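Below is one structure. I have some questions about it.
Letters A, B, C, D and E mark the chains in the order given here, with residues in each chain numbered from 1 onward.
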Amino acid sequence: MLVGRVIGNVWATQKAESLTGMRMLLVRPFTAGDVESEEVIVAGDTLGAGIGETVLVAYGRAARTVLGGQDVGWQVAVVGIVDAIHLADGGTFELAGDGTRVPIA
Amino acid sequence: MLVGRVIGNVWATQKAESLTGMRMLLVRPFTAGDVESEEVIVAGDTLGAGIGETVLVAYGRAARTVLGGQDVGWQVAVVGIVDAIHLADGGTFELAGDGTRVPIA
Amino acid sequence: MLVGRVIGNVWATQKAESLTGMRMLLVRPFTAGDVESEEVIVAGDTLGAGIGETVLVAYGRAARTVLGGQDVGWQVAVVGIVDAIHLADGGTFELAGDGTRVPIA
Amino acid sequence: MLVGRVIGNVWATQKAESLTGMRMLLVRPFTAGDVESEEVIVAGDTLGAGIGETVLVAYGRAARTVLGGQDVGWQVAVVGIVDAIHLADGGTFELAGDGTRVPIA
Amino acid sequence: MLVGRVIGNVWATQKAESLTGMRMLLVRPFTAGDVESEEVIVAGDTLGAGIGETVLVAYGRAARTVLGGQDVGWQVAVVGIVDAIHLADGGTFELAGDGTRVPIA
């Protein structure tokens, strides 16, 4: 239920069977201020999102639906790759890989 | 489960199929103090809420019900557009587009 | 899953059909310290709780059960009106309308 | 999904019917630092936990299972009474009634 | 939905029957900054994770699936043991037992 920036990923060899082959991305939530959140979320990815991209992240049943079904042992998922964010008081921009806002037309 | 102000929106071309055509709004939660939360929530919208409007935002099963069903890949939704907020110690007001409180009769 | 104080309410004419007639209260969570939380929660109310009263607030399936069923488009509910809070190191008290603790016998 | 200390309880006469007879405890979450969280959680208790005891608190479906079934109108529960906490860098201890850590053999 | 470091464990003799034999680990969430979160999460473990190891932690239905079924009275689980974390701006590393980042090839 948030938008964030992919800052890295996680490798785990030993894991629940239903996680086999799942890409696990580290995502840092976008905030209203100029400072990014310190929180880091791990989202399963089936869309091929890359480092530095801005993504939509869903939770719970919605995430499991996108990850492949309700018996998957993970519940956070990338469900969209963001093209642009429009803020009423901040124009329209992309997030650069370092989290800064790059204005777009 | 909160009330907040619509501060912008998000565009994503590449996304889970069940999100096709869904409007995605950025919402900033209303707090008890004079400072708005830095948190930004992305809510699917089927009511036609506009930038600057104050909205009720639901989560989980309740949100999916309003978004169109339990197999939707998103779980936060605008479920109401707020006319007025009444605070016992702050009178009755609308939220202006910049988050300030505008008294109403 | 919390106890809080009713500080106001919210009016919304345009909303999801399942919210018709639902009273929406603003609740501020009780904390262990002397300062109330800045967070504001919107809880549906079927018990008739009034401004200034202290209430128990449930989430998710538990809340929807009390609000009238699993297809309701809201998921936070007042499920009890609190008579007294007892803290081991703070005696037994009610919360006054302004959030201060009023000792009771 | 946390461990905390029971700091008090809550009385509510007027409440959802499914809460009749449920003991409602106030629990303060244990943190990694020396300062306890200001957050207060209300947990239903069927194990007979007392003031000052350290408890395991579950949420959601897991909590409702322990409280008596999925139609209960509360979703946080005491599911264990803690004998000891072992921290790799802090030895093994109990929590005293005031939250301090009492070393045990 | 997070990655964290195992900092200890919890013993509870008196508990809900469905928790019998479950290892309960204390996990401290990994953050984007240099300071670890003060939050402590209790996760059931079926993978044999040890103190100081970095783990993936799931919540809700996903966790219960890994813990043995939907009627288990706990809803947070270790679902993977992390080999390495890669941060775009911080290289690839393991977390040492004290939370510091140890670069790896």
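The definition used in the following text is that a contact is a pair of C-beta atoms (placed from the backbone, for glycine too) under 8 Å apart; a residue touches a chain by one contact, two chains touch by 3 or more.
What you see is a predicted model; the values in this text were computed from it and never measured.
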{"item": "Distance from chain D to chain B - Cα centre to Cα centre, in angstrom", "value": "33"}
{"item": "Length of the line joining the C-alpha centres of chain D and chain E, rounded to whole Å", "value": "20"}
{"item": "Chain E: positions in contact with at least two other chains", "value": "37, 59-61"}
{"item": "Topology of the chain contact graph, where touching chains are joined (line, ring, star, complete, other)", "value": "ring"}
{"item": "Ring order of chains, beginning at chain B and proceeding to chain C", "value": "B, C, D, E, A"}
{"item": "Residue ranges of chain C in contact with chain D within the complex", "value": "1-3, 29-33, 35, 47, 56, 58-63, 65-66, 77, 79-90"}
{"item": "Residues of chain D defined as touching chain C within the complex", "value": "7-16, 18-19, 24, 26, 28, 36-43, 51-52, 59-61, 64, 70-76, 97-98"}
